[in-house]
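Shared between the two complexes below is chain A, which has chain B as its partner in the first and chain C in the second.
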Partner chain A sequence: MRRILNVNITEKLLAKAGGKPSVAPGDIVFANVDKVMIHDVSGPGVIKVFDKLKKEGTVNVEKLWNPSMVWVAEDHFVPSAEKISAENVMKLSKFTKQYGIEKHFKYGMGQYGICHTLSHEEALVLPGEIYVGGDSHTNTTGALGAFACGLGHTDVAYVLLNGKIWFKVPETLYFKLNGKLPENVMAKDFILKIIGDIGNDGAAYAAMQFGGSGVSEMSVESRLTLCNMTTEAGAKNGIVEPDQKLFDYLASRGAGSYTPVYGDKDAQYDKVYEYEASELEPLVAKPYSPENIAVVRDVSGVELDKSYIGSCTGAKYEDLEAVAKILKGRKVKIRTEILPAAISIYKRAMENGLLKIFLDAGVTVGPPTCGACCGAHMGVLAKDEVCISTTNRNFPGRMGHVESQTYLSSPLVAAASAVTGKITDPRDL
Partner chain B sequence: MMAGKVIKYERDNIDTDVILPGTYLKLHDYDEIAKHAMEGIDPNFHARVKKGDFIVAGKNFGCGSSREHAPIALSHCGITAVLALSFARIFYRNAVDGAFLLPIEIDETAYRKISENDQLEINTQKNEIKNLTKNETYSMKPFSDIISKIIAAGGLFKYKPD
Partner chain C sequence: MEKFSKVSSTAIPLDRANIDTDQIVPKQFLKLVQRTGFGKFLFHDWRFDQGGQQKPDFVLNDPKYSNSHILVTGENFGCGSSREHAAWALKDYGLDVIIAPSFADIFYNNCFKNGILPIQIPRNIIGELMHTVSKIEVDLEHQTIKYDSKIIQFAIDDGRKKTLLEGLDDIAVTLQYQEKIALYEKSHTL
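Take a look at the complex of A and B:
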């Protein structure tokens, strides 16, 4: 359906970036890209594509389209898990030096962390922009009013050299939340509920937009959690319309100037889903799929070996605050790891006494890393090990052994479960 | 025209963590990556796959991460096409833009009728899949305009936008 009036934000962003007066779902645009991110997995992958192109001699790979629009994170296998990972990190350093990329967040040198967390902590992406990253959870950053989309190595290499990439304009699914989330229910519970309802491919190739009074009430960090897991429903991008709360958040992180883009007042969507906040409650996704949703109180007897609080989904400052609220004055009964998602968050957690609460509770606090979330290192799971985790995926083998089990939950549920050793609703603690 | 034998996984949501488990993301040598293809659900895959083979699977094939390692692993084992009820978007565009393999959408009938070890012949010009073992013919969903052009060019870097 071609919309001339009542155009939604994703369509407006892609029309503008594609230099077209209007676009409709299904149209192909070659969009000008504003920002690009690579990390220690996609970076070496891109370098490999560059090497191949150089060998073929058909494409000039000596210069990037705009090195000042590119930033580099080290997150999946850092601090270097073993020597291959160490070599990948060295490749990144060589690459950023060769191409004049200044924004390289190196571990052991001040601010670094998970790529998606840096995108908001450092205000690297701004409202109205087109942002692509070599990671599927790039969708996270759509909470900043940008079109944010994950791509593979070849596509990212293409953007680095040409400053643009093709997109099929997605249909938009609009998720409206009425009312404020109740106490002990987090944005993570809302997005798990949605994925349970629409399924792992319920938003395949589509945009997922979040709005309504419940989303307006939410912090920017909560909105980031919503957009983060749109990937788990197959979405091309997640997005929230910019508002004053976002502008204040970005200003507090030193954002420069930008021009926000909004959908029209009566923007049209391909499908609208409506939820009442008061009806939501703590949920988990059971093994082995993010769509495999259960109410926490229905699975509260499940015995656990581990609680993992980390990742771009569940280790932002607000997530750690929620965990601290539960762990204060209590002890954990199972192995519990907390890995703040960036050094800036780690530091705030230290300054505000959160780290002391965690250590007093018996938790191991680790450095920022994707770590065990992607089965890389720092706490991967053994055969038959059962873990509750604030991360985003629980496919077989995601966090380690193919027969380990991961339950996805909010930080509050993961913390309450750490205290009892069983899956626990924070309201029952 | 492509011809080969079928390796069938009768399941949906075959995700990138089973196509190439996360622990191998640090690898960037394509042949090394290929040794671990499908390890999450089929540790024997690398030993039994032959050059030219096809994978047949259910819906949402390749969901999960953006790792290009997934189509790389399959193509460097010899897989030339994956036939599935549907694909996750990043796997689909990685397969096409990197010119690793063809992601072919099939319907329920074809999915049901094609069995492990069937010999197929695929004609993407005619959008036709011939099952030589069963003497049946199925249709495939035609590629969209841009996808056809990128495939014909041999990947995104060789494609010249109109």
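Take a look at the complex of A and C:
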């Protein structure tokens, strides 16, 4: 469908980056990229692509397009889970030194954490930008009013060398939330509801845009949760229009200047879905798919072995605050782990007394890492172990043994369930 | 990359939807970055039991398919993590063609970077291919699949078809146009 007027934000961003007056879904743009991210899994993969190109001798890989547009995170297998992970981290250090990349967030050296969390905690991506990363959840950062999407290693290598890449302009699905979310219902519940409705591939190669009064009311961190899980519906990108709340958030994190991009006032969308906030309630995604949604009260009583509060999806500061609200003065009945998603969040949790609440409740607090979310380390699941988790995927074996079971939930539900040992609606605690 | 030509073999029927890249290559192998040798990790947790023995009921372990170069599977193949290791493993195992009703976006792109042809065709034809016991032939040049004396056409982007047919590297292809791109850039400054 071609449209010249009433262009939405994703189309505006891609048109600007491609140097075109306007674009429509299906158009191909060769877009200038503003920011690139690699981490300890995609980084070594990219380095491998560089090595291959160097060996073939066809492409000059001696210098990057612009080292200052790149940042490097250590998150999946750190602190080094074993020897090979340690070697991968060393490879990253060598790579950043060789190419003059200054923004390398190393564990054990101040701020570090999950790549998507750093993107907002450190204001590494700004409104109006095009941002790509070697990780599928790069979509998260679209909540900052940027076009953000994940790429494979070869594509990331290409962007590092050329500063641009082509995109097919996606169609846009618009999710409008009317009214403020009720107490005890979080952004996670809203995005789970959407994935349940449209399915794992319901947004395949589409943009998912979130708006309406409910999204305006939401904190920036809640919007990040929405965009984060657009990946689970197959979306190319997730996005929220920038507003004053976002500008304040970025200013508090030392953001420099930027030019926000907005959709036209009467922007058009390929499909509009409307939700009433007052009708939403706590949900879980049952094993083994994020689209396998159930109302918490319909599965309450499912016996659990563990509660896991971590990841780019569910261990931002606001997520930890929600957990602390539940755990304050209570004890956990099952193994519970909390892994703040970045050192800056860890520190705020300490300064504001959250860590004490967690430790008093019996929780193990771990270092920032993707950890068990991707089944890497730091509490992976055994055969038949049943876990409630604030993470983003529950495919077979995602968090450990292929016969373990993960229920995805909001931080409030994961905390309430930790207290009772069974899947629990926070309203019933 | 090797030039892609016709592929003729039996097709492995893996009738599941939403196969994510963690099923294709489980996370424990992500730390390894050699591009070759990933074939042994392909569908690892489905192919092998905890003792490392082959599970006889998993289709890849059926001797009938030991020389297959084609995988026929369900919707949304390759969803989940963006790991390019998934494409490396499929290729290294010997699979050159993946046929499915739909693919996840990042995985679909990664296929072309690694000499794999992903073909998207309607579900009803997938059903027929899954029940075809004889060889099927995939011809990229003519964009056809021949099976059981039938011929069907499939669609593919021209640029990507050329890349596979000529065995070109995506990065190398674009860099052939480096001068033209630079000229264009000069004349189109924002």
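In this section, the second predicted complex is superposed on the first by the 429 of 429 C-alpha atoms of A that agree within 3 Å, B and C clash if a C-alpha of one lies under 4 Å from a C-alpha of the other, contacts with A are read in each partner's own complex, and residues count from 1 in each chain.
We take it that contacts are C-beta pairs under 8 Å (C-beta built on N, C-alpha and C of every residue); 3 or more make two chains touch, one makes a residue touch a chain.
The structure displayed is predicted, hence computed values, not measured ones.
Chemist: Quick check on the superposition: with chain A as the shared anchor, is it clash or fit for chain B versus chain C?
Modeler: Chain B and chain C clash in the superposed model.
Chemist: Counting only touches as set out at the top, which of chain B and chain C does A:Gly234 meet: first, second, both, neither?
Modeler: both
Chemist: So, does A:Cys374 touch the first partner chain B, the second partner chain C, both, or neither?
Modeler: After superposing on A, A:Cys374 lies in contact with both chain B and chain C.
Chemist: Touch test for A:Gly19: chain B only (first), chain C only (second), both, or neither?
Modeler: second
Chemist: Quick check for you: in the superposed arrangement, does A:Ser409 touch first (chain B), second (chain C), both or neither?
Modeler: After superposition on chain A, A:Ser409 lies in contact with neither partner.
Chemist: Using the superposition on chain A as set up above, list the residues of chain A that contact both chain B and chain C.
Modeler: Touching chain B and chain C on chain A: residues 41-42, 44-45, 47-49, 53, 58-59, 76-77, 84-85, 88, 134-136, 150-155, 157-158, 200-201, 204-205, 234, 236, 289, 374-376, 393, 395-398, 402.
Chemist: In the complex formed with chain C, which residues of chain A make contact?
Modeler: For chain A paired with chain C, touching residues are 16, 19, 41-42, 44-45, 47-49, 52-53, 56, 58-59, 76-77, 84-85, 88, 134-136, 150-155, 157-158, 161-162, 200-201, 204-205, 234, 236, 289, 374-376, 393, 395-398, 402.
Chemist: What does chain C use to touch chain A in their complex?
Modeler: Contact set of chain C toward chain A: 18, 20, 22-23, 26-28, 30-35, 45, 75-76, 79-85, 87, 102, 104-107, 109-110, 113-114, 169-172, 174-175, 188, 190.
Chemist: Quick one: which bits of chain A touch chain B in the complex? Just the residue numbers, please.
Modeler: 28, 30, 41-42, 44-45, 47-49, 53, 58-59, 76-77, 81, 84-85, 88, 134-136, 138, 150-155, 157-158, 166, 168, 200-201, 204-205, 234, 236, 289, 374-376, 380, 393, 395-398, 402
Chemist: Which chain B residues qualify as touching chain A in the complex?
Modeler: Residue positions touching the partner: 13, 15, 17-18, 21-23, 25-28, 40-41, 59-60, 63-69, 86, 88-90, 93-94, 97-98, 144-146, 155-158, 161.
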